[in-house]
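What follows is a set of structures for review.
The same chain A turns up in both complexes below, where it pairs with chain B and then with chain C.
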Partner chain A sequence: MLALLWIELNKIFRRPRTYIAFGAMAAIVWLIQLALYFDGQAYVDLLLSNLSGSFEFSDLFKTQLLNGYLICFVILNTLLIQMPLLVALVAGDSIAGEASQGTLRFQLTRPISRAQLIFVKFAASVVYVLCLLLWLALLALLGSVLLFGVNDLVVLRSTGIEQMQMDDVFWRYLAAFGFAAIALTTVAALSLLLSVLSENPIGPIIATMSVVLVFTILSEMNIPIYDTTVKPWLFTTHMVAWKGFFYVQADAEGATVRGSVENLPAVLRSAGILLGYIALFLWTSIYLFRRKDILT
Partner chain B sequence: MKKFLLAFTLLMGVVAQAQTPEELVRSIKSKLDRVSNYSATGKMKTNVIFLKAPIAKVQVYFRKPDQLRILNEKGISFIPKGSMNMDLSQLFIDPAGFDLLDLGNDKKTGWRIIKLLPRDPVSDVVLSTIYVDAAAGLIRRSSTTTRENGTFELEMSYGTYAEYGLADKVIFSFNSQEYKLPKGITFDYDDGSGKKSTSTGKPTKGRVEIYYSNYQINKGVPDSVFR
Partner chain C sequence: MEPLVRVSHLSKRFGSFEAVRDISFEVNRGQVYGFLGQNGAGKSTTLRMIMTLIRPTAGSIEVFGLNLEQHRKEILRQVGAVIEKPDHYGYLSAYENLRMAAVLCGIHPSREKLMQQLDFVGLADRAKSPVKTFSQGMKQRLGIATALVHDPALIILDEPTNGLDPQGIADIRDLIRRLSRDHQKTLIVSSHLLSEIELIADSLLILHKGEKRIEGKMNELLNPAETIVELELGNKAAASILLQQTEWIGSVDWRSDLQCCVRMPKNRIPELVRLLSEADIPVHAVASKHSLEYYFLQLTQTETHVGPAVD
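This part shows the complex of A and B:
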């Protein structure tokens, strides 16, 4: 199995298009960092415009607010919505790509079961997801911290502000990246499932993008009838639960409770639902692939 | 002995009551005038309905006539608008600029209530009310209404530095404006709990408490602090 996984990883990382995702991410992260490095004050002014009636903000405050932790949070907000599309580029290609090149039948002549092949393809996609996230962590977290330094993290929500002390932030990023790995693995599993159904890689890639896009729009829309019926079951609703690690508990007087998460059970529930989706997509992929006529 | 103490207390009360508001304000001002600058370490607790902030270690700097700066030693602190009013010497820069109105003693605390009405018709301060512990010559509570920034209230507890009129604990209440950002900007995570936000979206009272622990009085404060 490990040898097979190694072969799959070789296939993925020898393809030049694999690196499109890494390049695109680097471009987005650097563009955001560059913009905030030179014009961060304007961005901070925009963020704080709603608060200027209650608080006074010195230049020092604004500089401290615009620190590496905040920049990383802004980047994750932007990128973790787009990253599923980059994951689909590789996972959607895994079976359908082989089918279109005519190498799938040849692969199955080797002494491995179809379920094993699906597992290996899935594992390779997971490794790819982890590499993407590691790359993102290096660029967005480490890069921003080196460029902007660290300070307390202030997260703006629609109805409130969360402030965390700087030494209470790093573990939250570790947890958030861990959660993002589960979220993106869900997309990889969906893409793999669609890949099993197709003979051409373009189909599953576009289908994954469409599903993620439609579900994300549904998740973000505030339509009461969907709020309790549809939204709780869309995997895209739970993919943003990484933000839960940046929502903190407060005591009776409004002071942040160090090391706390406002609603940890909800975040864990979201992780559980995503893991359930991964299992469902993977099981369905194996079920369908076992019954599939491999003609190419 | 007990009788003597009782008589002494009553006498002090009578003497205090006998002071005119002008005399009281003068005695407070002379106490505050002994401080031309100070720095102090403190613990700051912010309580605003839409803000969750950690308790911060702060350094407070003051320099006459009207410079006050609160700096977080290791992080960020949201400083309320009008925090300058945390220092009462502000009020007494020019006591002649106010008409004083004696409202007698507060029934519960016995503190003298004096209203300060600015003579300048375009002054930012519309009205100030101070509650004075006449026996100790200290302001215990104040309420200041401004044209631009609403009403500020101060409550002070004194200890070691009472002789300088500097409080050990200050509670500063202020008007906080409504806060709301569109969800399209924040992309909030809805945890499905259906829990309503504590924020009403309307102006409410915010509160900042500072517990001072170590004053450095008249030792100088560098210009760089106020830049």
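This part shows the complex of A and C:
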């Protein structure tokens, strides 16, 4: 099985187009970092302008606010919406791309089972997701910390602001990246399923993005009937639950509690639902692939 | 002797279209078994079913005495195939593609062994070149190398000479002969060209529109006593009488007032020409085809059902 996984990884990482995702991500992160490096204070003023009626902010606070942790948070908010496309580029291609090239025959005329092949392709997609996230962590977290330094992280919410002490932030990023891995693996599993249904790699990529887009719109819409019936079951609703690691509990005096997460059970529940979706997509992929006639 | 491959009442339906209809055949160990038919006759569909790429609608396949559905992995460990056209990863080298094929078969041969395989198909000097730079013939030879990498007992080659130049065709033909003669492999080779199959196969099966039409050993099917001679003659009435009276002529089929086909032993063609000349019947043209070729041409040139010329 490991040898098969090595083959799949070799195929993914030997293709030049795989690195488009890494390049695109680096370009976006560097552009954000560059803009905030030269004009960060204006950005902070804009962020705080919504809260200026109820809070007074000192200049020192405003200066300290713009640090590596905040920049990373901004980047994650921007990029984790785009990353499903980058994941679909590889996972959506894994079966349909090979079918269109004819190399699926090359694999399926060998003594490996179809379930094994799906597992291996899924595992390779997971490794790709982890590499993307590691790359993002290097660029967005390490890069921003080196460029802007560290300080307390202040996160703006519609209900107010959350402030975390700087030595209480790093583990939250680790947890958020871990959660993002589960969320993006869900997209990879969906893309793999759609790839099984197609013989053209463009189809699964577009279909994955369409599903993510429609579900995200439904997740964000404020229609009461959907709030209790549809939204809780859309995987896109749960993909953004990584933000929960940056919402902290407050004690009786209103001070934030170190190491706390405001609603950890909700975050874990979201993770559980995403894992359920991964299992469902994977099982369906195997079921359909085992019955599929390879005609290309 | 137990056949290596036994196909029984195999059918495949795609919606309302029946691609393969109730075909049965057996391939014995050491044979080169030819699969002949026009494009769309059902050859590739049948071979895909043997390679488990397509699920049959009905029927069963046994390979090495084992049921294919129940023992798929066990069987495929001993089968190598190139179905339709050999497809490789163009951005990888010939050596890397071959090594990948080996790993997929569950083996990890040494570099030396893989280089020997490439040498066998004449690609050792291009081992490091990306496959996307290869000609069609080189890809075909690499396809055969990947099919042979795990030393299978049964090799299936679907249209192996398709798209090749004459030298490429000769190379592949030579490779197939060597595999059969020197390495005692059993091969199933499909083609839409009878001339190709008759040069390499011991036995033959003709498929047409998904149905089996003819099956038999080549030396029996190409029996010279069953040659079809096409004649272009000047006097139908006189020729008819003469041909009917000649006892070694099997059958006469007039195509027009000038053209007829007669079934007769090939070695008596000069005698027939002499008889016609002595009877003052002008002979404008004489062409001989063996009966299998004649039958296959009838199949490929007409859409109507033609009864087999060879029983």
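The working rule: the second predicted complex is superposed on the first by the 290 of 296 C-alpha atoms of A that agree within 3 Å, B and C clash if a C-alpha of one lies under 4 Å from a C-alpha of the other, contacts with A are read in each partner's own complex, and residues count from 1 in each chain.
Everything below uses one rule, namely that a residue touches a chain if its C-beta (ideal position, glycine included) is under 8 Å from a C-beta of that chain, and two chains touch if they have at least 3 such contacts.
Since this is a predicted model, take the numbers as computed values, not measurements.
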Of the two partner chains, chain B (first) and chain C (second), which one does A:A266 touch, if any: first, second, both, or neither? first
Please work out whether A:Q82 is in contact with chain B alone, chain C alone, both, or neither, and reply first, second, both or neither. neither
Please work out whether A:L4 is in contact with chain B alone, chain C alone, both, or neither, and reply first, second, both or neither. second
Across chain A, the partner (chain B or chain C) reaching more residues is B
Just chain B (first), just chain C (second), both, or neither: which does A:A255 touch? first
A:G244 contacts which: chain B (first), chain C (second), both, neither? first
Give one of first, second, both or neither to describe whether A:Q165 is in contact with chain B, with chain C, with both, or with none. first
In their shared complex, chain A is touched by residues of chain B numbered 45-55, 71, 74-83, 174-177, 179-193, 197-199, 201, 206
Chain A-touching residues of chain C, taken from the complex the two chains share: 14, 48, 51-55, 72-74, 76-77, 79, 81, 83-85, 87-89, 91-92, 100-101, 103-106, 108, 146
Residue set of chain A touching chain B in the complex reads 50-51, 53-56, 58, 60-61, 64-65, 77, 81, 151-152, 154, 156-166, 168, 220, 222, 231-232, 237, 240-244, 247-248, 250, 253-256, 258, 262-263, 266-267, 269-270
Provide the residue numbers of chain A that touch chain C in the complex, in ascending order. 3-4, 6-7, 10-11, 14-16, 101-103, 105-113, 291, 293-295
